[in-house]
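Order as written gives the chain letters A, B, C and D; numbering starts at 1 within each chain.
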Amino acid sequence: MKNDRNKVMDLPTAIRRFVKVGAHLSIGGFTLNRNPMAAVYEIIRQRITGLHVYAHSNGQGVDELVGAGCVSRLEIAYAGSGRFAPTGIRFRKAVENRSLAVEDYSNYQMTLRFMAGAMGVPFLPTRSGLGTSIIDKWGFPAELRKTDPKIPNQKLVVMENPLDGWGDADRLVLVPAINPDVTILHAQKADAQGTVRIEGLPFADVEQAKAARCLIVTCEELVDVDVLRTAPDQNQIPFLYVDAVVPVAWGAFPTACYRHYDYDPVYLNQYREAAIDEDRYRTYLETFVYGIADHRALIEKVGRRRLDAIRADTQTGYAVNLDRR
Amino acid sequence: MAEYTLREMMAIAAARHIRDKDIVFCGTGIAMLAAMAAKHISAPDSVIFFETGAIDSLLAEVPMAVADPRVMHWTSVNGSLADAFAFMQNRSTGRQVVGIMGAAQIDRFGNLNSTVIGDYFNPRVRLSGSGGACDVASFVGRTIIFMQHEKRKFVKRLDYLTSPGWLQGGGCREQTGLAPGGPAVVITNLAVMAFDDITREMYLMAVFPGISPAQVLDHMDFEVDITRARAFLPPSAAELSTLREKCDPQRLILG
Amino acid sequence: MKNDRNKVMDLPTAIRRFVKVGAHLSIGGFTLNRNPMAAVYEIIRQRITGLHVYAHSNGQGVDELVGAGCVSRLEIAYAGSGRFAPTGIRFRKAVENRSLAVEDYSNYQMTLRFMAGAMGVPFLPTRSGLGTSIIDKWGFPAELRKTDPKIPNQKLVVMENPLDGWGDADRLVLVPAINPDVTILHAQKADAQGTVRIEGLPFADVEQAKAARCLIVTCEELVDVDVLRTAPDQNQIPFLYVDAVVPVAWGAFPTACYRHYDYDPVYLNQYREAAIDEDRYRTYLETFVYGIADHRALIEKVGRRRLDAIRADTQTGYAVNLDRR
Amino acid sequence: MAEYTLREMMAIAAARHIRDKDIVFCGTGIAMLAAMAAKHISAPDSVIFFETGAIDSLLAEVPMAVADPRVMHWTSVNGSLADAFAFMQNRSTGRQVVGIMGAAQIDRFGNLNSTVIGDYFNPRVRLSGSGGACDVASFVGRTIIFMQHEKRKFVKRLDYLTSPGWLQGGGCREQTGLAPGGPAVVITNLAVMAFDDITREMYLMAVFPGISPAQVLDHMDFEVDITRARAFLPPSAAELSTLREKCDPQRLILG
């Protein structure tokens, strides 16, 4: 029940309970920041496949899920991790060898789709994309859309403004709501009941959380209810939306977690190097995901020295003068 | 005369097109450097903001992505994606925004492709996709575009239209229902291109030192008017030192 | 310009510059909380009339603007101030004697209308109101809607779901965007450049602020830029939306300002008593608005004793054990 | 037997219809007291939230309005109006919500009027208007309605339909496009009314001590089925002491 008082559980349990084969999934974060990587690696370890993933620019986590073969369908705006991988390498390979069905949207369109799901309306309107191939070219075959009740019959609909041109708009793009079976996000703080506080940019995490049927929150710190309730203005997600609270230190590693740690350039570069070569990528998966018990083991493997290098400066929230080449 | 690299010249060329009090949307890489340089040189009251929702970040260090924690420090507001794009779609705020963007392909009307090379359903090369590019191109007052000047990038026909420029030219953009405004200039490794006020067709505005208009045309798959071309004023020592010392001392982006 | 570095000005100047006769206005707050009352009283003092006001449940401020004859048209969801005036007394009189044109919506519909204005779309969809008189009965005459370009031709539009029933919705209500000429809100903190921090519930202030062509922010405290920039997660309105910053201590009085002061039951009861009788109401206006130089003078008139009684407790943010009968 | 006022009995009657783990939307006044009482008596894990965006407030003192600063203290989140209504319109969260509301007029299908008495365009009495009532009635799983039992309030035809109940009855509500769910009970100063599962017509469910079904009908402008009426179990001493001491010691609402 969404208003149980204690939702704390361990990661394998949360993933096993809420992320089923073929589930419709969305993860929080943006490119190389606050991806729920511990959860992503656990999904890969549990070899959950056939996932239908919704992403705006969620980045590293999406590329790793795709690379490990967990994803069969992807609705996405941007598949990359900034300077480390302008185009996600495993994503690119999967699309080019036809092992992944892709539907393209823009970041705002995906954001609005999550927002529509959160608001309980079938669509939201925008001017974005008029005149582009995003409107004309539908990645998912029409039959798939017609036969699968979990996705809408239309990728989107272009409509004349029914309000006589009000708002200087003749025409609008209506993007369909998304209600994922499960959303997973990583936050700095949560309490056992499920109230969540994200520090720094929230990206679209709040909309993704509220649109989901089930919500798993992994957090750096599990805090006492008093900590969050004395400053509720700073909390974004009420416990009423949350199903599982999973404390995982370094849970976003190798992506960043503002005020806790920076992204790890060493890991991200090593990932890129591995991702471009099939043998090296298999070795990467064995060494850093399958061959490892849990996220704590990965963090221990990474080692104190690198962790200290990315530890966030208390003033700026990131690792000042980190070597990011 | 001061020594400088091509990247440095391109960053400064873009910076010069940013006016004071402009609200600058930028992505990562050279675009971000141009925005940072403009703030230090010609447009002290310009404001940098990112699609991720960070407004007027301090940027003590150059970010490696628009979600880099470096954009979250010392902002006016740490908003959401929804906030950032609403700011651009909103007519009164959106028209004050200049967007800086890049792409894999551009056509004569400044439409951009950052999604796929080849057939969308049978891609030769799959790219990252729109991200916020389509949104920015749809909403903001004007855009500055970075391109490598190559025949395969300046194409007659895009493989995929990711971000709307002037569409088919003339008044086509407004007729389609997009906001007024669109591509202003294209900055390449050879020249600066602009768009005719009436036809919205690309023309050669300025060529970089040592480059001839003919050379520029050799690197394009379509013809453009070169009669309005003038010589490009090289980066000054002051511009260069600002760019190097204030914007990217680690040369993470300048290389 | 929206990005001037110093937007600080005094209240009479801000009102004179941005609130013209016949302007379309929206004010922040909700019933008896955080109404920009200093600004409301200044508008009344400047005898600005013919205002077209947009409100959800903005409360006390709206009733006083209506009572003083500043408002000719009102689009509203709820006209009252909680237990002190379940129905705004001056509002009720104005409607019953036909001196005020009213268009009725619900709170969510009005919130969505401001949100649509902020987002730059002509409308937003909702299920709210299907089957009700809010759909059928239009308060503004059709001619008015057709002839006045500042309001849409339709109060709202009911539309079949163009996405084949996606989201279990057959039918939706599209409510038109609002872009007020000016929005005025009162916040706890702002800096000279215009970054704003609201403490406690923001109500719909942020949407109202972003939908407006001009934005006046009155604040309890004008703070140094460092104060707000060291914790930007707690700021809601970027300076880019703001035109005027006006420091006014007790600027929401007699409504509440969380963490600063409670609403004043004495003033609100006295207002109700005055509002029901024409003579007493004229006297009220003379004594507490026209006859007074500025908000500081009103606060001095109210007097230390009553101000101390409503001063907020630092822990709870309101005046504990305040006599509220 | 314990002494109690009518208001006290009505508050407790409503509290009894709140189930544990219900998410309770309430406005001001007696509705808020009922929600507070339920939390102390029968539904410790029920959660109170307000249309203003306050979720699970501590409520150490009874609020005089849904925007009272007393609702902002010790919440899970201090959200916005947009957040609160989206929570109710969202199907998975909205169906868990029970809304408590009142009105000036009600009809046989639980539709409510809180906007105007007389002609909308020529009003005899203008009321406050919907506020969030229409939204809540449109969205949530079920509603509990407070009414004064008078002929002029239980009417054949509403002067204005502000908040949708079962509309014209039967399946009409769903056909119109509203969320499943609707009015559950109406608590008055004389009795508790409910709605038939099939026809959605109001019927007399229970009468308060000393009241006869005939008396109830005398206070209504339309007929209802009284054959299912049973006697109402009076408030217990425990219920009363909780209501008085824990919920409204100042008797701000109990009077």
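Heads up, the rule we're going with is that a contact is a pair of C-beta atoms (placed from the backbone, for glycine too) under 8 Å apart; a residue touches a chain by one contact, two chains touch by 3 or more.
Computed from a prediction, not measured in an experiment: that's the story for all the values here.
**Q** Just to be sure I understand the contacts, which chains border both chain D and chain B?
**A** Of all the chains present, those in contact with both chain B and chain D are A, C.
**Q** Return the chain pair with more inter-chain C-beta contacts, choosing between B-C and C-D.
**A** Most C-beta pairs in contact, of the two: C-D.
**Q** How many angstrom lie between the CA centroids of chain B and chain C, rounded to a whole number?
**A** 40
**Q** With centres defined as the mean C-alpha position, give me the chain A-chain B separation in Å.
**A** The computed centroid separation for chain A versus chain B comes out at 28 Å.
**Q** Taking each chain's centre as the mean of its CA atoms, how far is chain A from chain C in angstrom?
**A** Comparing mean C-alpha positions, chain C is 37 Å from chain A.
**Q** Would you give the residues of chain C that are in contact with at least 2 other chains, written as numbers and ranges?
**A** Chain C, residues with two or more chain partners: 120-121, 126-127, 168-169, 172, 179, 200, 233.
**Q** Which parts of chain B, given as residue numbers and ranges, touch two or more other chains?
**A** Where chain B meets two or more other chains at a single residue, that happens at 72, 78-79, 89, 91, 139.
**Q** Once you've mapped the touching chain pairs, tell me: line, ring, star, complete or other?
**A** other
**Q** When you check every pair of chains, which ones turn out to touch?
**A** Listed in label order, the chain pairs in contact are A-B, A-C, A-D, B-C, C-D.
**Q** Could you pull out which chain C residues touch chain D in their complex?
**A** 29-34, 56-57, 59, 76-84, 86-88, 91-92, 95-96, 104-109, 111-112, 115, 126-134, 137, 139, 168-172, 200-204, 206-207, 256, 258, 262-263, 312, 316-318, 320-321, 324-325
**Q** List the residues on chain D that touch chain A in their complex, please.
**A** For chain D paired with chain A, touching residues are 21, 23, 45, 47, 55-56, 72, 74-79, 86-87, 89-94, 96, 139.
**Q** Spell out the residues on chain B that touch chain A in their complex, using ranges where they run on.
**A** 28-29, 51-54, 60-61, 63-73, 78-82, 85, 89, 91, 115, 120-121, 123, 125-135, 138-139, 158, 160-164, 167, 172-173, 176-179, 250, 252-253
**Q** Quick check on the complex: what are the chain A residues that touch chain D?
**A** 1-3, 5, 117-121, 179, 193, 195, 210, 213, 228-230, 232-233, 235-241
**Q** Taking the complex as given, what residues does chain A use to touch chain C?
**A** Residues in contact with chain C: 116, 120-127, 152-154, 157, 159, 161-169, 172, 174, 176-177, 179, 199-200, 233-234.
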